[in-house]
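These notes open a run of structures that come right after.
In the two assemblies presented below, subunit A is common to both, partnered first by subunit B and then by subunit C.
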Partner chain A sequence: MDQVANYLFQIGFSFSIFILISLGLAVIFGMMRVINLAQGEFLMLGAYFCTLCNHFGINLWLSFILSALAVGVFGIIVERLVIQWLYGRIIDTLLATWGLSLLLVGGVTTIFGPQTESVAAPLGNVQVGAFGFPIYGLVMMAIAVAALAAVYAFWRFTRYGLIVRGTMQNPTISAALGVNRSLVYMLTFAFGSALTGLAGAVLAPIVGAYPTLGIVYIAKAFITVISGGHLPLVGTVSASGLFSTIDGIVATVSSSVIGEMTVLFVAIILLRLLPLGITGRMTRGV
Partner chain B sequence: MLEVEGLAAGYGRIPILNGIDFEIGRGEIVGVLGHNGMGKTTLLRTLTGEIRATGGAIRFEGADITRLAMHRRARLGIGYVPQGRDIYPQLSVMDNLRMGEIVRRGQSAVPELLDYFPVLQALTERPGRALSGGEQQILALARCLAGRPRLLLLDEPTEGIQPSIVDQIQAKLAELAKALDLTVLLVEQNLRFIAALAERVLIMQKGTIVATITPEQLSDQAIVDEYLGI
Partner chain C sequence: MRLSRRQFFQASSGALAFASLPHVLRRAGIAAEDPIKVGNILDRTGILNIYSLKQIQATAMAVDEINAAGGLLGRPLELVFYDSQSDGQYNSQYVTEALVKDKCVVVHGGITSSSREVMRPIVNRFKGLLFYNSLYEGGVCDRRHVSTGMVPAQQLEPLFDYVVNELGGKRTYILAADYNYGHITSKWMQKFTRDNGGEDLAVEFFPLDVTNFQPAISRIQAAKPDVVMSALVGGAHIAFYRQFEASIGKDNMMLASGSYGVGLEHTQLSPEEGNGIILATSFVDDLDTAEAKDFVSRFHAYTGDTGYVGEYGEYGERGVKVWAEAVRQAGDASSDAVIEALASGNVSVVGAGGQYTVDGQTNHTTMDIHIVRGNMSQTFDVIRSFSQRPPLDTQQVCDLHANPDDKTQYEVEVE
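Our next item is the complex of A and B:
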């Protein structure tokens, strides 16, 4: 019984991290096809913003929202200054966003120094038999599921969601139907950035904030979205589910390093067998 | 309604249109005929704003729109059905129609359009990509009309479509142009289709309009040979 709870917690915790770090990328890379190598640094900025809010005594839950908004605004600036000139130019986008990534790591190191800024994880533990689980881990799972549901509902059922889905499929005809595609691209990029900022802020209490935080997560995020295939949301959820189950189980029986290695190994085999990702053959969904 | 004066445009440094002049009055249906590569599609794409004009002027209902962004022209009332239809493949037929009126205020035109095009009624939940060429063409036309355009730019609506559907589209267009008070610029290679609908036919060669003929003249083999012969 305790053992089952332990596995479920590990899987759920891993799932929430996969979802949180991948959701923003599912929008920016999955929907918009922008390979943003600075995505990890957006996460890092979210974490730093959260520690700053904490420093000024702002309530942690409010800091999450503020961090999401702040990184969303940062996303608008990046899109207007850099990304909007590079749509459809993959190599140029790679170089520009890689440069941005280096700039952000360097800039943050200069301002805050290389040490880890931490935020105390709130809420304590809950005891199940022999195991104590941090309640904050459960909160992360709730936030991940809520973020996912919100994004899905937004995409699927709102007018703006329809505009985005249509415009990402065919920007030119959307413009011919009166849609301001440049504005839609900018807002969608900002939306993906805000989701990433939220993820960084939610991670801050468990990993802290340090300049190279993004590097730890960016590969995982890209692997998740790519393994998911062409339906960004359904794909990201199914890939996250698969990887977190493997990661949760293997990490519990051996160690977290072996868990991550197994996930990478499975991802390689998965993409060998299904080159178009898990949703490669699905035709409907988001 | 639409006045085009000395219009020039092209792709990169390659000029395609070299001084196009014509006018369309309100309620008119005007055809454009010409061989492939003469600039018919480029003309429509320049009118929609997809391609930037390099010279000349476009006026729509008296306002100069030569430099206006594509979505602004659409909002002024210029509807465009491109060659190849450009249906959103992953959106349902209903969502395709909703995209047509997504920036327009006021009541939805979708119920009315489903009445005009009953063939779409059974397909509303079908993804766009699952439709046949003819159904896609009808959907593209309906989607465009959902925005309630006053000027309709049609690029080869009969291309790759089976003859029975071509007849249906032809009848529908004639009916709708009257019912909805539409002005239409119709690029077409199908002589019979253009002769049945257009009141005037512009002949395009090498990026200019070389003649204007009546639809009756399209049945005159000598004229057809002169402008469209090989």
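Our next item is the complex of A and C:
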């Protein structure tokens, strides 16, 4: 019984990490087709904002929201200064965002130093049989699912979501229909950035904040979104579900290393069999 | 002798001009101001720089203090710093540059065992001298390599004796970083567990970028050890101590480590997360000795940074002090002369952590060791001290007097 609870927790915990780190990328890369190599650093900035808020005595849950907003604003600045000139120029975007990533790592190291800044994980643990699980892990799962549901509802059921999806699908027609294309791009980029900032803030209590934090997660996030295929949300959810189930079970049975290796191995096989990703053949959905 | 007026002017002006030439002035001091070049290769940047930053400053401080006191053998020291950026490629590039281009007579540096093993063959090829100022897994037998840090027989043996026998931590669960330090150290941890009549339940390795320790923590909970032994390394692995406290807690299971603290983890974790972690060390700022207090206050004054210095900072001064004493005894700063002096076994200094004596048989250092425990004020309480522990593990396998050409790193065997 407690073994079952343990596996469920490990899978759920892994799922929440996969969802959190790739949701922002699903918007920026999955929808907008902007290869943002600085995505990991946006995550790192979110974590730093969270530790800063904590430093000033701001409530942790409020800091999550503030961090998301702050990184969202930062996203607007980056979009206006860099990204908006580079839509459709994949290699140039790649170089520019890679440069931005190096700049952010260097800048944060200069300002905050290389050491890990930390936020204590709140809430203690809950005991199930032989296992104690951090309650914060359960909260992370809840936040991940809530973020997912919010993004889905926003995309699927609001007028703004419709406009964004239409603009991403065919910018010229949308512009002809009176949509301010540049504004939509900017806000969508900011939205993706805010989701990434939220992820960084939520991860801060379990991994801390340090300048090279993003490097640990960036590859995983891209693999998840790419494996998901062309429907950013459905794809990211299904890929996260698949990978976290594998990771949760294999990492618990053997080791974290074997768990990660298995995930990469499965991703390779998956992309060989379904080159367009899990949602490659689906035509409807977001 | 009589001089005509013309002859006098010729001679005196010539002499004056000649004597004014700077290089002649310098040479006339019998090479007195020719600096002795000291290389320092550490990570100012890169993922592991947290281990190096204080050591870089302490090395510079030690060199500056020697210069302020008149230099070595009447010559000033010139410190040449190279940033190895936590990347072995730069260690190999810069150690070559230090020895060949900059002609450093000694290189202090290398933080990880992997960086040391990159540099050691190059130091041997160019007949240089490497001071490796870092705790490590032991066993390097090489006269061109000097270890001033702790090895397992010094650090882990008393730690395991204390944890297994006195605290009753018979069943151990070992977590280690996935490179040569972690692999060899985990074997020592298994050996010391068994030597004390305990049982090592499992050994797990983690690459340096792992941050999700939940699966490992669930395996620990299923195995129910008395104590978890960590040889984890680097900023990402700090997450383990955080997640351990959030799911198991040190009230329910002991946590001891051979590598905690040297990356100043205790200043980065919350008081609850660091409280109660047990480790063995050769220096913490909290040592109640005049030398330790003097070092910490000098370091604070020198750097303007009043934060925790820690063991890896102190290693910077220790390495330079030990080397400088060897130079004084040799009466010559060249690498080979210093190696000869070290072989005598008489090179001994008093540093911040007490007496440091280089063992001539192994080029490892005898030092005081302390068992300490993390407390709620993010520092350490000293529980017990051991005076002058020799590097026994390396002494058992290495004899540089008998085999001066040995270059091997001997590894422990665990049946």
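Operating definition for what follows: the second predicted complex is superposed on the first by the 286 of 286 C-alpha atoms of A that agree within 3 Å, B and C clash if a C-alpha of one lies under 4 Å from a C-alpha of the other, contacts with A are read in each partner's own complex, and residues count from 1 in each chain.
To be clear about the criterion, a residue touches a chain if its C-beta (ideal position, glycine included) is under 8 Å from a C-beta of that chain, and two chains touch if they have at least 3 such contacts.
Note that the structure is a prediction, hence the values are computed from the model and not measured.
Undergrad: Please tell me which partner, subunit B or subunit C, touches more residues of subunit A.
TA: Touched residues of subunit A are more numerous for C.
Undergrad: Quick check on the superposed pair: does A:116 touch subunit B, subunit C, both, or neither? Answer first, second, both or neither.
TA: Touch status of A:116: second partner only.
Undergrad: Touching A:130, do we find subunit B (first), subunit C (second), both, or neither?
TA: Touch status of A:130: second partner only.
Undergrad: Taking the superposition as given, does A:173 touch the first partner, subunit B, the second, subunit C, both, or neither?
TA: First partner only.
Undergrad: May I ask you to decide whether A:165 touches subunit B, subunit C, both, or neither, giving the answer as first, second, both or neither?
TA: First partner only.
Undergrad: Output check: A:57 vs subunit B and subunit C. Expected answer is one of first, second, both, neither. What do you get?
TA: Neither partner.
Undergrad: Once the two structures are fitted together, what part of subunit A is touched by subunit B and by subunit C alike?
TA: Looking at subunit A, the two contact sets are disjoint.
Undergrad: In their complex, what parts of subunit A are in touch with subunit B?
TA: Checking each residue of subunit A against subunit B gives 159, 162-163, 165-166, 169-170, 172-181, 283-284.
Undergrad: Show which residues of subunit C lie in contact with subunit A when the two form their complex.
TA: Touching subunit A: residues 45, 47, 49-50, 53, 178, 204-207, 209-216, 218-219, 221-222, 224, 235-236, 238-239, 242-243, 245-249, 252, 264-265, 267-270, 272-273 of subunit C.
Undergrad: Could you pull out which subunit A residues touch subunit C in their complex?
TA: Contacts found on subunit A: 3, 6, 9-10, 13-14, 17, 109, 114-118, 120-121, 124-125, 130-134, 136-137, 205-208, 210, 212, 215-216, 248, 251-252, 255-257, 259.
Undergrad: What residues of subunit B sit close enough to touch subunit A in their complex?
TA: 48-50, 69-71, 74-75, 79-80, 82, 86, 88-91, 95, 98-100, 102-104, 127, 129, 143-144, 147
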